[in-house]
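Look at the two complexes coming up: subunit A is in both, with subunit B in one and subunit C in the other.
After this line comes the complex of A and B, so read on.
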């Protein structure tokens, strides 16, 4: 089973038939996804929110399986003990103080996680983005010293969080180095940039990346991965309500 | 109480080391509240309140436990147990919980007819509370997953332990309760509804301030989405009196609650949320009809406007308006104004002590 981890995947697409250096846009995107799609993964890291209040760090641990399933637990900070479960198109939050499970649907998915630049809808999406977007190769640009393809994505369906995207794909590593996310009106909503990368099991992953919600003032959220394990065995009940409320 | 706490703490400390790879996490919350309340024909009532919640949790792959204690600054210092439980996995799909823990059943923030454990409504609840429903009780619970989003749970609620005359003893056994619930989530491509149904038998009304009913409590709770625009939820409960199982008697125990929640996100990090809940209780004569409205406007992420209102069918209301300001990491300040509107004989009424007040709340959360 294939899977994509949520904060490795803040950009995505599906191809059109334009060719770049012998690769079609669909092929480029497939190569990008192969860096971000795992059978299973276990990650540990830190979310660092910088805003007008200063800097807040929250450690997390997460598990994921396939495209559909992920479980995130915050292990420090004000949200310590809170968990997010995404499975079968559903998203559930667990608040340990009230022992309460809240199911998020619809507009509530646009709420911010940890008052950061990342929202719950950023970790949603059962379909691959390549099923939801049409891709068009716009050109090439150098980003942070790396030669990248610039690909423009346009949604194929209604109700997606970001109807338009532009992504800059590293031509050598097949990694999304930089991405811009737009509303249907063309307004820029978010930006994503990879700051550092790491190699794990032959795949290139962003070990440090930063997200900016352009609708928030002076705010950015950095995600650092400290530990990554891929293709490990996870118990069948990892992505269950029982484990969410454990 | 202190000796009871000692017993729980001993149990906690004894059981936790049984598990390997234990991680201990301390946490705390400090809350300082100054309340100035109106007293008709007298000087205002100034109420300072200082509480400190201290907690420690221990987590291992197979066992976890939590101890939380609240200290209330008074003479003498009051100590209350908030949580003290141990949970153990029984294989991959089941677990067992024992101790002083919360049992969270049904759907609803303020009104919840499905909460047959702690009650459907809390008309006497402090509207300024961070958590409206945070009760806990002595509980033994078995939880079994079947599938990712479905499970059943069986609970027994023994009488609370009482420390009296230098001796720890169980409370009245006819206040005990036992039951279970089944939660099933249907696939999104059908109705997408989350169904929950449960049963609880309770011997006596152990919490007279809440509508916790004696007898066989049956409930059904649903949660879903209105075309993605708003979150909808509702609960219904009937109580069967073991001494009179007739429908004539049972139909008068119907309790219905429901709610809608919606949030709008705007530019510059602003957001506005709206929650409206209602409750109908027919076990009371005349039937109780209540409403709860909660509005929250956050203009920039630094602070937020909070409005809460509780309405009663006798046309009285309890209102809370205020501003919550984040000051630093984990540190916040709240300035709240509370007022009761209604006749003196109503559930909420003016011209009675503490019918209006101003509260300043400083809170620090340490984790």
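After this line comes the complex of A and C, so read on.
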């Protein structure tokens, strides 16, 4: 799935024409996205993978600018020093012991990061959901004690990682509380659930969320955000290829 | 009289001898070829899969497809000296097999990486024998030996660099850049398409393996002792508290299964050739005896006893079989000997096939392919002649003379 800037936010769309509490589906999704797309952001957190091999924790630091640019750096564990740069639809990997930067493309984008439930394409993508999906409000449901709209999204274009999605949007916080991601065949691929939220500069962000790749057995990945700074000044070179190897 | 009979009808004698010779030639060559293939197969399995004994983490095999590098033989710095101290062990060879990816131009290549201790490997793989250009990588240096055809495909040569990505022990991803120190032509087709051999220490660093390896292969002073020594080493590990699976090559699932399948396959092919060869000899012998029923009748009419007739025909047939078998086996062995030097190249035929056979097979001349086949030709030819002539000799002269 092509997505947002902070490390791991899966879900949103631009439905059409149906109104909920005076808001159309595109308006709901716009509000959701405004919680997730920042002029600039700096996050620190931990990725916790639980699978058949046990539990692994990797700390990360990420920077983002708008929808198009992000940089993730792993700061602990085996992957310490490795970086993932996304800029204008291209994705590059930097490894401290490799003399060249690796550009990821094609099928390689669907590989998982750190053997977690999150793939590289989950952090890629420049277009907003409304440009890629058509939305339909299918009802309301309570998720984890919160009243949510249930919105079904269907892709408008070819080649997206998740042609169909269902998202549960918190009616008060405009936050995706729960989401299901499907293949074109209707097979459930991934699930995303917010476990805890935090308020930063008047915006609600998931401080703990969990993703499960349904094609993997007994596997889940938790993303914890420990520190969030929004609308800060970032050097112009932060998202440049040259800066990757600093 | 038997000798004289041979010369009386040279065409008939020649035809009989030719049938034995053709059967002898084909069976002799088939045996040499199949023995060569089996030898090649066993050698490749031993070199690249099993050694004489293989040591792994007990859970590795069940998850092998997922490449669980954390299920490793560790710590190598303790395990290797321990193994090399066991009487009967010639060498302990730590290895790491891992999947690699190389992005080159717009294409991605999924390759196979093999981390070995080049110095120790002289005892088994002996990588120097596969060198095509350049030299072997040196321990501690960021060098790699890659298959010559892969180098051609990537348009790389000795001295060029290549960046490879690999999964790590902790299931992450890592990449390193290596300099190609040499290119090699490996014995298996699949290896020639995608094998890269790195120094063990660099592979450990690439895959974040620390002081561990995916497996340790042992070569023994006497390979036949593998089951007993595997048991001894298992007990030793148990005593010292190491949880490791020690398997002799005879019990390594895939190696033992492959060997069994290939042996059965060749046994069936040999049986078919045996039956075909025997059918040719039997058919020719029966025809010849049948054609000579009148002659047998004349002999018995002149007073020859049944045993005299049988003896004459049996001796004649025995001589023909010996001559035919000698010629056939001689020719078959000659052809096999020629190919055992120059090899039979099946590389075009085996393009894209992933099997443990080398694309070039060298037939192997054995007792089975020479003396065994010689005995077989003589036995089948003379035995058939004995039974047929005995039956013909029992026919009364009047019936025999009327039969033609």
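Just so we're on the same page, the second predicted complex is superposed on the first by the 237 of 246 C-alpha atoms of A that agree within 3 Å, B and C clash if a C-alpha of one lies under 4 Å from a C-alpha of the other, contacts with A are read in each partner's own complex, and residues count from 1 in each chain.
Just so it is clear, contacts are C-beta pairs under 8 Å (C-beta built on N, C-alpha and C of every residue); 3 or more make two chains touch, one makes a residue touch a chain.
Model, not experiment: these values are computed from the prediction.
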**Prompt:** Do subunit B and subunit C fit side by side on subunit A after the overlay, or clash?
**Reply:** clash
**Message:** Once chain A of both complexes is superposed, is A:114 in touch with subunit B (first), subunit C (second), both, or neither?
**Reply:** second
**Item:** Winner by number of subunit A residues touched, once subunit B and subunit C are compared
**Value:** B
**Request:** Considering only touches as defined above, state whether A:235 meets subunit B (first), subunit C (second), both or neither.
**Result:** first
**Prompt:** Thinking of the overlay built on chain A, is A:159 touched by subunit B (first), by subunit C (second), by both, or by neither?
**Reply:** first
**Asked** Does the superposition put A:82 against subunit B (first), subunit C (second), both, or neither?
**Response** second
**Message:** Output check: A:185 vs subunit B and subunit C. Expected answer is one of first, second, both, neither. What do you get?
**Reply:** neither
**Item:** Partner chain in contact with A:93 - subunit B first, subunit C second, else both or neither
**Value:** second
**Request:** Determine, under the contact definition given at the top, whether A:217 touches first (subunit B), second (subunit C), both, or neither.
**Result:** first
**Request:** Answer with first, second, both or neither: which of subunit B and subunit C does A:103 touch in the superposed model?
**Result:** both
**Item:** Shared subunit A contacts, counted only where both subunit B and subunit C touch the same residue
**Value:** 51, 53, 56, 77-78, 97-100, 103, 105-108, 111, 115
**Prompt:** Okay, in this complex, where on subunit B does subunit A touch?
**Reply:** 25, 27, 57, 64, 87, 89, 92-95, 101-104, 131, 133-134, 143-145, 147-151, 183, 185, 187-188, 192, 194, 223-231, 261-269, 271, 300-302, 326, 328-330, 365, 367
**Message:** Per the contact definition, I'd like the list of subunit A residues that touch subunit C in the complex.
**Reply:** 49, 51, 53, 56, 58, 77-79, 82, 93, 95, 97-100, 102-103, 105-108, 111, 113-115
**Message:** Help me check something: in the complex, which residues belonging to subunit C touch subunit A?
**Reply:** 68, 70, 101, 103, 106, 108, 161, 163, 165, 167-177, 205-206, 208
**Request:** Within their complex, state which residues of subunit A touch subunit B.
**Result:** 51-54, 56, 76-78, 80-81, 87-90, 97-101, 103-108, 110-112, 115, 119, 159, 213, 215-217, 219, 235-237, 239-242, 245-246
